[in-house]
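Below you'll find a set of structures to go through.
Below are two complexes that have subunit A in common, paired first with subunit B and then with subunit C.
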Partner chain A sequence: MGHFFSYIVEPGFFSSQPVRTAFIVGTVVAITSGVVGVLTVIRGQSFAGHSLADVATTGGAGAFLIGVSQFWGFLIAGVAAAAIMEAIGVQRRRGRDVATGVVLGAALGLAALFLYLGTQTTSTTGASFTILFGSMFVISPDTVPALIASGVIALAVIAVLSRVLLLTSLSPEIAAARGVSVRAVGAAYLATLAVAVTLSAVAIGAVLSTALLIGPAATALRLTRSPGRAMAVAAAIGTATTWIGILLAYDSFDWPPKQHGWPVSFFVVALVLIAYLLSYVRRTRRRPASSAELTDTTQEGTPACSPV
Partner chain B sequence: MFTGLMLNTWIAASIVAVIAGVTGFFAVVRGQTFAAHAIPNGAFAGAAGAGLLGLNVIWGLAVFAVAGALSIGTFGRKARQDVVTALSLVLMLGIGALFVSFSTEYANVTYSLLFGEVFGVSQNVLLPIAGLGIVAIVLIAVLYRPLLLASAMPEVADAGGVSTRWMELCYLLVMALAASMTVPVVGALLMFVLMIGPSAAARSFAKRPGRAIALAVAIALVTVWIGIIASYHTNWPLGFFVGVISAGFFLVGSGWTAVRRRWFGRRPASVLAAAL
Partner chain C sequence: MTPEQDHTHPDLLTLDGISVQLGGRQILRDVSFGIRPGEFTGLIGPNGAGKTTLLKVILGLQPPTSGRVLLDGRPRPRRAGAVIGYVPQKIVVDPDMPLRARDVVALGLDGHKLGLPLPSKVRRERVQEALAAVNAEAYADARVGELSGGEQQRVLIAHAVISRPRLLLLDEPLANLDLRSEQGIVAVLARLARELDIAVLISAHDMNPLMRDTDRIVYVAAGKAAAGRTDEVIKPEVLSALYGSPVEVLHVHGRVLVLSGEENRDGDPVHHPLDTGMVTGQAGRAGS
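This part shows the complex of A and B:
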């Protein structure tokens, strides 16, 4: 048994500093992404969530160019992009997606410029790959406190606004009738999304960021209809997939091709997808309980979250 | 500026602009901006895989683009489409990250596939691009009426016996075809930007769909042409100029819509615009 255990968990796994940092950051990111992701899926803003991660990489490339900490570049670009999307976005969903797309296109253009200028001044050609795909094992321990702080801020905003946010997401008309400013709540949410996505993009790359934001939340919303419970389930699924992903990536140093680990992003994405597909298996076996949790907020008895 | 390799660049970029204008109009009308981003971007993973196996890049791109289109088209019916699109995209990109990590020298190619390498277009890729481009445009032309109906007024289309489901799948496959041939030339970013920006701007100026498509093609052409000239003189990447110029066109279009609404108090007149 001990032999078997050491086969799964390679010797030196828990004493490695990069692994410990990866675990801490991965957990913070998974929990924040899970909670924010549930609202993102309910509001149908997956594209905005993905775009903000991509846009944040523009800030990362810019920060790389002028030589400041990437975290601040990611954060400033993410929040600025959220503000621009909100400013030019119209209320209808299709118009909103187009506005998101235009901001994303312009920001990626800027990223191309920054990366080009970056490769002109320094000769680091792998920068574009690192910025886009990230690597959990190269997070500098110095940025960990800032990462945790921004995660806590995002969670606090969601906790304060959660009822209003759900109300404006599910029935904007009722929210407006009650005197809630739907637009202001939407802007606050988008800013929170920007912080959460930035946090994960800088830690684990833009690719993984979308996976952790959407995958666990969509899975959780298939398993439970109460948004609060879905947030908890999403955070748990996210954390579990991240942990197993890190473990497998660490183990993969012994897999072919030799002495070259497989990327964490691949494992986490694969596990998130497996969890999502498993939720389909469960759904076909057992019909979900009817929604009672949200009827007090929606008043109409409309389904709390339409099936995802 | 118009000699040798530069001439290839002008031709290739112009072909791409025409295709992007035509296919992008429907992406904007259908609200499938995310798919327009996900299919070219995810296809890049296929290029990395083909490079690993030593195949021609275009095969890898085609396989991944078509797989992405099929998964968005089929699963997007059962669940929310934006969720399915996001998950398809991250799956493809995750596989791409794995492929890229296997061959260390491939990391540099990442940049050119994402942001394009339009100033190194060789003569022998022009013919395949033009051929596939004509196929994509002919497909759109054949599907034009039912596709437009299914995009603008899905309920009416369903009632009139047009299968919105098949139209969606066909359209996504055309997009995949367009993406797999344009990505190796201009990069995933440029294709996405040229599909969305010009079409969104064109819809602010022209209300009739036919005219809007023509205008979208014209704006896309002007965007890449200005971009090529600026890029030629400054040596900055083309993706930067195209991204910024097309965002500029979009802003001018939105401004025009707002001004017209305030001064003339007129809502968009056509049935198509009203349905959106």
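This part shows the complex of A and C:
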């Protein structure tokens, strides 16, 4: 048994500083992405998440070029993009086509330029890979407090706005009639989404960040009925996939090619996909439609109504 | 004593000379009527007559170009969300949206508030009570997106009345419902008006499903409105004045048909239904 355990969890796994950082960051990112992701899917804003990730890539590449931590590059570019999207209304379908074709393409092109220039001056091609596809083992411990703080802020905003966000998703008109500023809520949400995308980009790379944001959330929404439970399940799925991903990536140092570990991001994204596919196996229990309709029909047919 | 006879009873809602102009188009012109507490009023008119705009003016979502909206005789407060419940037209809920019927109803209680909802016994009981008021307990734990149109309407009505408003506005809640669900919804609304003393204003392009239960109707056509008892409003001279062209009213098998009484070039009358709902309504009822 002990031998089996040491086969799965390689010796030195828990004492390694990069592994510990990866676990802390991975957990913070998975919880934030799960919670924010559920609202992103409910609000139908996966596209906005993807756009923010594209622009964040440019920010991360720019930060690399001028020698700043990618986290700040992702964050500043993401939040700025959220503000611009809110101002020009990219959420509208017509705006989406233009945004996808022109703006997001340009953003990634700029990222390519920054990465090219950056690797020319520092001759480290690894940085491009880290920005695009992430690597949880090379996260600097210095950025961990900022990562945790942004995760906590994002979760706090969601906690404060949770009911208003659900009401505006259900019907912006009802929310407006109840005195909710639908626009302000949308803007606050988009900024929170930018923070979540940033965190996810740090963990698994800007290009893959939406996978951790949308994947566990979409899986949880297939398995649960209430928004609160969906958030908890999404956070749990994200955390599990991240932890197992870190473990497998650490183990993969012994896999071919020897002494070159496989990327953590690959494992995380693959596990997210597997979890999503498994949710189709355990189909959400639907209500027995026939019996419920029968009950309803009898009620509607009864002229005398029960007192309130 | 019916509300009609009781002229001393003050209005809950008063619209006084409401006009709305949008993008150079006159949507509503000089609309005035009042609604008394607990009164069940039908807001009738063909599609595009200005019914939705009128509801939005009452809700404060559309500022009128001129005229006043009064609640209890005083100018409508900016935040009247607690006094007025609202069921908008056509809410499309995705089947995968993780909101159970009871979550939607709970959002009616405190969905506009900040912070996390604290689970409490009182909150749970109020939700249950509102679900019971619309006979929706059977599917309280089903996702709203999986419910039928009639069931969704009931849940949205429970959502709107859980905060105990004094006025409930519904925009075309009977659209796309089968006859049985239609009757069920109208019965629920009539009972809410009666038992909870909620004034209900329900818009519809077809007045027939409402005829038995409404106390009064407001007929809107071409941006103008006439209010009163059904027999006072559904008369050729009243409706002709609204439409600005000759209108005939037919009573067929207990149903009212409002027809254009225009004549063609040869002087023969051309009758076509003016409430577009008549056509679809009849088609939908062919089997019943």
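The rule we apply is simple: the second predicted complex is superposed on the first by the 259 of 308 C-alpha atoms of A that agree within 3 Å, B and C clash if a C-alpha of one lies under 4 Å from a C-alpha of the other, contacts with A are read in each partner's own complex, and residues count from 1 in each chain.
To be clear about the criterion, a residue touches a chain if its C-beta (ideal position, glycine included) is under 8 Å from a C-beta of that chain, and two chains touch if they have at least 3 such contacts.
Not measured: the values here are computed from a predicted model.
> For A:105 in the superposed arrangement: first (subunit B), second (subunit C), both or neither?
first
> Looking at A:167, would you say it contacts subunit B, subunit C, both, or neither? Reply first, second, both or neither.
second
> First (subunit B), second (subunit C), both or neither: which does A:177 touch?
A:177: touches subunit C, not subunit B.
> Which partner does A:141 contact after superposing on A: first (subunit B), second (subunit C), both, neither?
After superposition on chain A, A:141 lies in contact with neither partner.
> One more residue to check, A:38. First (subunit B), second (subunit C), both or neither?
It touches subunit C, and subunit B stays clear.
> Between subunit B (first) and subunit C (second), which does A:270 come into contact with in this model arrangement: first, second, both, or neither?
The first partner, subunit B, only.
> Can A:230 be said to touch subunit B (first), subunit C (second), both, or neither?
The second partner, subunit C, only.
> State whether subunit B or subunit C is in contact with more residues of subunit A in the superposed arrangement.
B
> Quick check on my understanding: which residues of subunit A belong to both its subunit B contact set and its subunit C contact set?
Common interface on subunit A, subunit B vs subunit C: 41, 44, 306-308.
> Touching residues of subunit C toward subunit A in the complex: what are they?
So the residues of subunit C touching subunit A come out as 59-61, 78-79, 81, 84, 86, 88, 91, 93-94, 96-100, 103-104, 107, 110-117, 129, 132-133, 135, 138-139, 141-143, 146, 148, 150-151, 159-160, 180-181, 183-184, 187-188, 191-192, 195-196.
> Which part of subunit A faces subunit C closely enough to touch in the complex?
Result: residues 38, 41-42, 44, 159-164, 166-167, 169-171, 173-180, 221-222, 224-227, 229-230, 286-287, 289, 292-293, 295-297, 299-301, 303, 305-308 of subunit A touch subunit C.
> Quick check: in the complex, which residue numbers of subunit A touch subunit B?
For this pair, the touching residues of subunit A are 41, 44-47, 49-51, 88, 92-94, 97-98, 100-113, 115-117, 125-126, 128-129, 132-133, 205, 207-208, 210-211, 213-215, 218, 257, 260-263, 265-266, 268-270, 272-273, 276, 306-308.
> Under the definition above, what is the set of subunit B residues touching subunit A in their complex?
Spelled out, the residues of subunit B in touch with subunit A are 28, 31, 33-34, 36-37, 79-80, 82-83, 85-87, 89-91, 93-95, 97-98, 100-102, 107-108, 110-111, 114-115, 189, 192-193, 196-197, 200, 236-237, 239-244, 246-247, 250-251, 254, 276.
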